[in-house]
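Each chain gets a letter, A, B, C and D, in the order it is written, and its residues are counted from 1.
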């Protein structure tokens, strides 16, 4: 993986792309997209992260093992966020149905 | 005792060959970066939760930060990532002087990032009484959401502070590397320490890539604000 | 019972150059990068912490003999159970098997000369010692009384005891287990001997690999949580402070996100040791190798999804409670699969009752009880009644003391000839196993009853009707305390006077048994090439030698 | 064999000493259901422990090592067995989960017509307030057979209101309301514990729950209520703090009319709908910005720090009383 030598031209190209994306994310922030502002900002950040990871950190040329490890890290962070958020946001849901007929309406409410 | 065949310098006895040692080194650093992801992850998760609970207060707090310094810092860090990558590249092709210069530039850019962060942003916030625990004043014009604005600034200082701490560790690492590079320690066959520190530096840059939009650009900066 | 025939064709232990006598002097031990010596450094420091924590436990049980408390003031009792919890969990159980047996055996079992990063391994031990010093300083400087869970807002703004030194100690020691986990993952991935594919690895390596995954993904989260707790205590402002809208439940979420996988850090290596012991002493290949191996991994992964069952009664949302309850039931399945597979391994075997095997059988019995009582706490309705009572104390002691400590002792006895080159007195070892089993049951079985009757945990004084059960539990605790002292005595005795052990006193399979005992510093003359499957007793000619 | 002897001896000596006390008193409507689930789980635990123990004993005796050079044959893998002991425990767990969760769901929803009692946990004591104005410390008098709903909050750290005989328990959190309900089915006196560690005298934070027949309860209530009811106290604070200036009863004020608002489902500015319960009212008083109604501007100042927890409870009781007045007028 590290044996692979990346050309300087590619590095400069990635560098310029990252600067443009930074400018883009600021520019987008000045347009009122309501809730989509956050989605846009995060999407641009993810793209920038992928550029740095794949090219500057040579993950594009390294084996699948490291790629699996990175995905595992992100997945377990997602677990922490989603489960904690699931609790915080649904605390005020009152348990409406009772008795055996509980699981079906419950699942419909969840999905 | 097995006789060591003529291995290049820096070969550790417990490995079979250089290739195994290099792969182990980079896998080890990636596993360490995994722990860093979870370390920052705890903070990011709490941030996301409180942002979901107190969005108006977070928007007020975010608007109090100057975007231009945040943007400048992002550009500085991306440039330092480039110079770090070029330093590794010059080690791969064996240009010693280029290595040293690129490493020094990366360190200067890191120091510039910290200078902008501490003097223009943190000091400015201190004067404006925005540092929770050190004379934070809730301003009446924030309205009802003012009660939770200190929460935003808790996150602002915890996250940027932890990131700055990692920057300082990174700069320390780079000084050691510059000395080693100056002595010509890194050859096209053996440059693992340089490469591993490069991974760490790029990771610190990625953390800032996520910090910048999350802290500075909440709900958009247009005149009307995010309400 | 066949007597172990030891024909000493090998020179007596210690005469040929091995890792113990290769170098002498304190510097050779304190600056060693040999994974075997670091394992012994850990063994000494962990045993010390075990007896410090155990001493607090004995004081607690003596105090609880009388309803109004027989020994100390309530404040002191609160410090006792806190320090017992902190020291036992973070300084004994989490590092116990991975740092001692894991450090010693992982390179030898996979046919490597040392771990991937030996200097990092030594650094991990120093980080552990520095963390331990901070926590022992906290003990001396008046103790801490927040419970090992450090729940805010009590720990952040209401407790006036030395919370910060303890939190700092645990924070630092967390990095020791992170670096150990990192070392193991890289070593197991990159440094296996030629021919040693993943499915020929001993199951102890699978278990240590699964534990390392939890080390890497879980420990940083408690590091950041305790870091935030320290900040909140110092600056009186923080994200858990209800005054500025902070949510103490969020602290519990972040704390249990690590601490539940941490209980699997404690039990998974024990399961790995069990697979080694059961196969060796019934001289049979493990039943369902791939099932046992994958159940280790699935336990490691599902353990990250279940932490909410610690918070069913904290006003957690009912729907989140449902999700956590389903997943908590699911995490019990791989453990059940393992127990069934061990039992099936004994079928048609040739079982010998050496001391390690007694610890193994005790483990299976007690771990089954511990695991099944976990179902009471995974089901929402009964958890409402049992949460925060002695039922929970009994449940996790059955898993940690009945499971992890029994497996730890079984492992220490099984590999003791390899580590020290000496045999311990087998009679005494079997007697100690029996005493520990009896003492343990008498201590913790009555606590299930106490829990169901509703006696809350962490109570310095309790209503009189619970006294009989508490006295039984305290009686059991004294037997257990003596039971743990016996191995300390005869094992240290055996280091000096025990008969020399051959390279393979149990006739076990595995690369570590192909080296002389104690092994040379670089483990193998030539890196072995592995051709046969793990535990292939049926076709091998290995005998007790 | 050691294990089973040990268990036997353990059980015998325990049963001998404590024969009557094997099971805590069941004094609430849900206690029977929880106990049935508990006994089912106990049976499963003992059954599986016994199965595994006896199998191991049998194998240990039958296949003990008779000669040193024995080479037992390899018994290989058996997929059917593996699937069996994976699927069967999964089914058992699924069954237990559905049983436990539906029981938990039923127990978590208080019947609508339950009497309200307010509880404030403070470091090492329980303040209990009945709407009629009676205040108690570490004691709770409840009528027999009437569902009782407790609305609880804490003034400092996390406590936990636990009555073993009723099989109910709920954490009491600072800065939030948590609620718990039960319906007593047996007259008597029962323990009240704090089940979440809360400091030095956590073990002293005990109390007693007195279940009385409805007649005795009324008599006790009448005798005890010297001070004004919570409702009147709430009204006094409502006027003193100037809430009436915005929240006019005819709805023409800058704030919403509070008459009949309790129990209604309101849509917030953020779009989601929430039922106005005690927690909603408390949040509106302490952190108004998080529960701004759709049609009203976010101008209500926060009263955090100006009102104690007790006064907030009184305001909640007053706002709820507005609702019942309106329903009374409809009923006429």
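Assume contacts are C-beta pairs under 8 Å (C-beta built on N, C-alpha and C of every residue); 3 or more make two chains touch, one makes a residue touch a chain.
These numbers were taken from a predicted model, which means no experiment stands behind them.
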item	value
From chain D, the most remote chain by mean C-alpha position	B
Chain pair with the higher count of C-beta pairs in contact (A-C, A-B)	A-B
Centre-most chain, if every chain is reduced to its averaged C-alpha atoms	C
Where chain A and chain B are represented by their mean Cα positions, the distance between them in whole Å	18
Between chain B and chain C, centroid-to-centroid distance (C-alpha), Å	36
Distance between the centres, which are taken as Cα means, of chain D and chain B, whole angstrom	45
In chain B, residues with contacts to at least two other chains	23, 27, 31, 34, 38, 41-42, 45, 49, 53-54, 57, 147-148
Touching two or more other chains - residues of chain A	65, 72-73, 76, 80, 84, 88-89, 92, 95
Two or more partner chains touched - positions in chain D	101, 105, 108, 287
Complex contact set, residues of chain D against chain B	287-290, 298-302, 304
Of chain C, residues touching chain D in the complex	2, 5, 74-75, 78, 145-147, 151, 153-154, 158-159, 242, 245, 248-249, 282-285, 287-291, 313-315, 318, 321-322, 325-326, 329-330, 332-333, 336-337, 339-341, 343-344, 346-353, 361-362, 364-365, 368-369, 372-373, 375-376, 378-382, 384-385, 387-389, 434, 437-438, 441-442, 445-446, 449, 452-454, 456, 458-463, 465, 468-469, 472, 536-538, 543-544
Footprint of chain A on chain B - complex, ascending	22-23, 26-27, 30-31, 33-34, 37-38, 41-42, 44-45, 48-49, 52-53, 67, 71, 74-75, 78-79, 81-82, 84-86, 89, 92-93, 192, 195, 198-199, 202-203, 205-206, 209-210, 212-214, 217-222, 224, 226
Interfacial residue positions of chain C with respect to chain A in the complex	189, 217, 221, 247, 249-250, 253-254, 257, 304-305, 307-308, 315-320, 322-324
Interface residues, chain B side, partner chain C - complex	1-2, 12-16, 20, 23-24, 27-28, 31-32, 34-36, 38-43, 45-46, 49-50, 53-54, 57, 132-134, 136, 147-148, 150-151, 154-155, 158
